[in-house]
Amino acid sequence: MARFGMVIDTAKCVGCMDCVVACQTENDVPHGHCRDWIVTEVRGTYPTLEMEIRSERCNHCDNPPCVYCCPTGASHVEPFGKTVQVTANRCIGCKACLAACPYGARFVHPEGYADKCTFCLHRVKEGKDPACVSVCPTRCMHFGDLDDPKSEVNRLLGSRKWHTLLPEAGTKPRIFYLD
Amino acid sequence: MPSPSRRRFLKISAATLGAAAAVPMLQQATPFARAASAGPGTVTTIPTYCEMCFWKCGGIASLRDGKLWKFEGNPLDPMSRGRLCPRGTGAPGNHIDPDRLKRPLIRSGERGQEQWKSVTWGEALDYVAERMKKIAAEHGPESIALWKHGTGSRFFEHVMRAYGCVNKAAPSFAQCRGPRDIGNLLTYGTGLGSPEPTDIANTRCLVLIGTHLGENMHNTQVQEFAEAIGKGATIICVDPRYSTAASKAKHWLPIRPGTDLALVLAWLNVLVKEGLYDKDFVAKHGHGFDKFAAAIAENTPEWAEKETGIAAGVIRETAREMARHRPATLVHPGRRVNWNGDDAQRARAIALLNALLGNWGRQGGIFLAAGMKIAGYPFPKYPEPGKPKVDNPDGRWPFADEEVTTGLREATITGKPYPIKGWVVYAANLIQTLPNEKETIEAIKKLDLLVVVETHPSEIAGWADVVLPDTTFLERHDDFYVGWGRQGWAAMRQPVVAPPDEQKPAWWMAKELANRLGVGAYMPFKDMEEYLAVRCEKSGIDYAKFKREGIVMGPKKPITIEEGAEIAFDTPSKKVEFFSDQLAKAGFDPVPKYTPPEAPPAGFYPLVTGRSPVHTFSRTQTNPLLADLVGENEVWINAATAAKAGLKSGQYVRLKNEDGVVSNRVKVKATQRIRPDTLYMVYGFGHTAKGLRRALNKGASAAQLNTRYKVDPLMGGTSIHRNFVTFEKEA
Amino acid sequence: MLEITSTRHNPFVDPQLHVWGWEIPVYLFFGGMIAGMMILAGIAMLRVARGEDPESFFSVQTPLLGFMLMNVGMLALLLDLSHKLYVWAVYLTFEPLSPMSWGSWVLLVAYGILMASALVRIGDSWPWLTRTFPVVGRLSAALETPSRLRLLAFANIGFGIGLGIYTGILLSAMVARPLWNSAILGPLFLFSGLSAAAAMVHIAVRIFPGRPAPQGLVGGAFAAMWQPLGARAPRAGTENALVRADVGFLGVELVLLALLLLGLVTAGASQIAAAQILISGAYAPAFWGAIVFAGIVLPIALQLLELGHRIPHTVVPALLVLAGGFALRWVLVNAGQASQVLQSASR
């Protein structure tokens, strides 16, 4: 069974937010909310600077605190791709998962349930990439099976330096950022 | 295995997308009328080309149950290469934008008061036609001018020309790429046009001077920029701000605003002095090289260091780096380059830099764009112009090869050489586009008729006598876009959804107006389908297939010397003019010369401007999808400067220029990412039109602060970076 | 220098997590207090079962008060849920890794235990009920055997401890919130709950010193609302016992609070930043003023003076303890949401 993850090349990402807009239209994300977003991190003092731009979203962690804390099983690990998903009609809206996520990846949908990135499973099931990946003008995002040693994501992870977000939180995130 | 997913997810994926997956996407092109009556959970797709900006990428719109769902890149299109930029992706937001103009309006109060009565299309067009006829009768049809931007203006221009109008102007020349095209025209005998034929994908060294790829989302270029990064190209970025592109650069040169020409001259100097330039290219294709070399002999890196703030060593190092990779070194010619009022000469210096690198017609340099031909529609001939154009009297700007906007505005104010009494403005928000809005308003006050054709109640619409609500590009036919690039192609614009209210497509308005003006013979077709089909038929293009696929490719031709292309130069000397005799003859510097910019008064800072990746000009700020991401602009201030001024990030200030013009309040972004002596702002915000509810008073307008502008003596370009501003703290 | 900007702008998440307002602190406060009351009641019931102090005021009537307060807490919890119509989903599953799932089931059982315990002497408190429904009286009598009382007592103590610790674990399980992510939170909330329980019962002792309860179905039900506990007067010494217990609980609570902070400030940057929110940040006035001083130190001092007969017995210390107990939940819930795992400044 696959274990989906993403590899994002920060050297190429320009932070144009296309991934955010594509997610909004693809998934009817309610106005004023976002399932993915852009973080810009600047280090240094003028004029000696470094900047990393990242497209961020749910990390579909191997060790997902949001799933662990969910009292109803609404937040669960979907067998397909071992992705973290929310079943709206099992969610009671306790918001524990929002507090449990160190990445702030979740929000409360105006209809009351917890919502977040699904890795566009509906597209993936059709053999397509998630909307954010397939729209990216810089082609900096790569989606694939981390359990498949021959997958493009694994090839990239093997060939470049990378980091994940807040590894100290122990969540084992599955979005990898190439330096 | 049951899929324990969200309800909506199930609804969409199982029914809708499942159905879509069953049929290959491109075979589903259906006119929107049929799509609208399709059964529940049906997805239909229609290709069209985008008009969220001027790049005109090919895309495919998806409708879900007849409602516009999303807009994605067309894989067949060479511009989008299957991927749109955030504005294109956000195009459905334009369709649903509640701030759109809904029906024709005729002014009921004073001009500029934005008081209207709604009228029928018949009433509105009758009104326009009567006024136009009256102006034509009193002053001649030449006294009605067209301001235009974008594809939709095509038939307005056509009908007005048929009616005898000669005056028109587009801000895309003097307020944007004009200086660059003239600089290149004077050097190479051709402007670069749009899209620029830059082989960014294959370049080994990319030099960006103020060009903020990634923030300006010129789609193909951004895609190729990322490709170049992926291939390890060296990037040299010149910008007072640590732009996105600067963060990808090996060398970031935080230059003092307004001194770019000094840097370019110093680079030329190093390449010549150290003999690093392409001697074969210069020997074979150069004209006046020795005189050029002599003219720049004093422009040493040490000299430039004092002007630009860039260390002489860095200037030398970067020049050598460029030379190392030539001819696959590309100095990007820029696009919106009207910064200082001497921009054509700077653009020419950049053209000369590219010439020294010998990258003309070379892989990784500037390629020779290829096009394709689609036969025109057999229109009757236009009448002979009755009077000359007014925008460039006596060749005041001798090298302007398009109309000068401020010239047309000035003629409207002065009434010389003859009165301009009517303006038809198509999709050009002149208040935010032209410098010094006072002059624009002064000109408007001289008019007997101001017609504004717009999708949104923009500032210029607020001044109109008649407002004609346009459809968005997703709701209309337009003429083909026949593009120049690595391979010629043509793109189809066709309606995807019906307009939500009484909006009408521009071609329909032009046709109705033509009938009322007695020039209906110039619009002989029933509708655009007929017009487009005729053009296809005459060109041997399968119209049905074109409709289905959205893109037709032209013939493949060699575009670089490597591929077998030959280069020639259409200058007077038929060579690359290092020394320009025609400039000398007209009394200008035959080799670009640097003039230092004025220093700001104490407490004032130069304000430079740029773009947000999710907005185009001043026209997308009410788009709900895009405004949600960037709803207002920020003024960037170096963190140390901000601390000294007692300003914090997130705090609101107003900007005041030397003429006492005070902006709307704007958020401070205190950051390391900018020179301590420079401010930066994305332009297009600070809307004052009441109808733009989502954007009203959000952020500050850079255009409003642009009261002291310089005009490029070569071609009439107007500066936007020559204003100094200071802060006023918000109470 | 580290400059971080984000385009994320989700309500209740940005710029800072704030998903829980007043409801969850109220719920946690009542939950903790009820847990404490169950433990106190359990201990008293053991004594009753052993034949010691069969007339104990708070032994068998405390559960009734607890049962009623439980409804308040549960109402607050329900009000917090944003997808209320689906609340039943909690009881369709048991999620062993979810403290909240444990809590939901513990609450359900605690509800039953409280109800059964309340039934033991329901006739004393609400004579109208047993009179109107004789079956209740029979049930009540059936429960009051030593063995059944012992069983109930152990259930009260066991689930009381469980419930008390759960209110802390609920928060401490969240790695993403460094302020909460401490094993001390469970015991801290348990002892805070115990001190609040002692204070609550103390107040009940003071307010309901054996007034006759109205009779009849309507009058009785009304009376039950404003006078939930029965007409039985507390025995002499009850108050002192409660006060002594309370001082003990508060002392432990103070030590646990100190340990919580100590644990944070000696850990990583995220934990230090989290501790600073309490020590010197936005919640410092509430933390030092309402929790440490007014909620713990002052009541300890006052109660010691009471025990030493320097000042008369009043409900003032008990009220302070209750306010402090609520402040503890309110501050920790809010400050915890403001704490986050920080991106390390260097890479």
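Think of it as A, B and C in the order they're written, each chain with its own count starting at 1.
The rule is simple: a contact is a pair of C-beta atoms (placed from the backbone, for glycine too) under 8 Å apart; a residue touches a chain by one contact, two chains touch by 3 or more.
What you see is a predicted model, and the numbers here were worked out from it, not measured in a lab.
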item	value
Centre-most chain, if every chain is reduced to its averaged C-alpha atoms	A
Selected interface, A-C versus B-C, where C-beta contact pairs are more numerous	A-C
Centre distance in Å when subunit A and subunit B are each reduced to the mean of their C-alpha atoms	34
Inter-centroid spacing, subunit C versus subunit B (mean Cα positions, whole Å)	65
Length of the line joining the C-alpha centres of subunit A and subunit C, rounded to whole Å	38
Residues of subunit B touching at least two other chains	628-629, 639, 671-673
In subunit C, residues with contacts to at least two other chains	1, 3, 7, 9
Subunit A: positions in contact with at least two other chains	17, 20, 32, 34, 42, 44-45, 88-90, 113
Of all residues in subunit B, those that touch subunit A in their complex	1, 3-9, 12-13, 17, 21, 69-73, 83-86, 89-90, 92, 213-215, 217, 219, 222-223, 225-227, 229-230, 242, 244-245, 247-248, 252, 254, 613-614, 624-626, 628-630, 638-640, 671-676
Subunit C residues within the subunit B interface of the complex	1, 3, 7, 9
Partner subunit C, residues of subunit B touching it in the complex	628-629, 639, 671-673
Contacting residues of subunit A [partner subunit C, same complex]	17, 20, 32-34, 37-45, 56, 65, 67-74, 88-96, 98-102, 104, 106-108, 111-113, 163, 165-166, 168-171
Complex contacts: residues of subunit A adjacent to subunit B	9, 11-12, 14-18, 20-22, 24-26, 28, 31-32, 34, 42, 44-47, 49-51, 53, 76, 78-80, 85-90, 113, 115, 118, 121-123, 125-126, 134-140
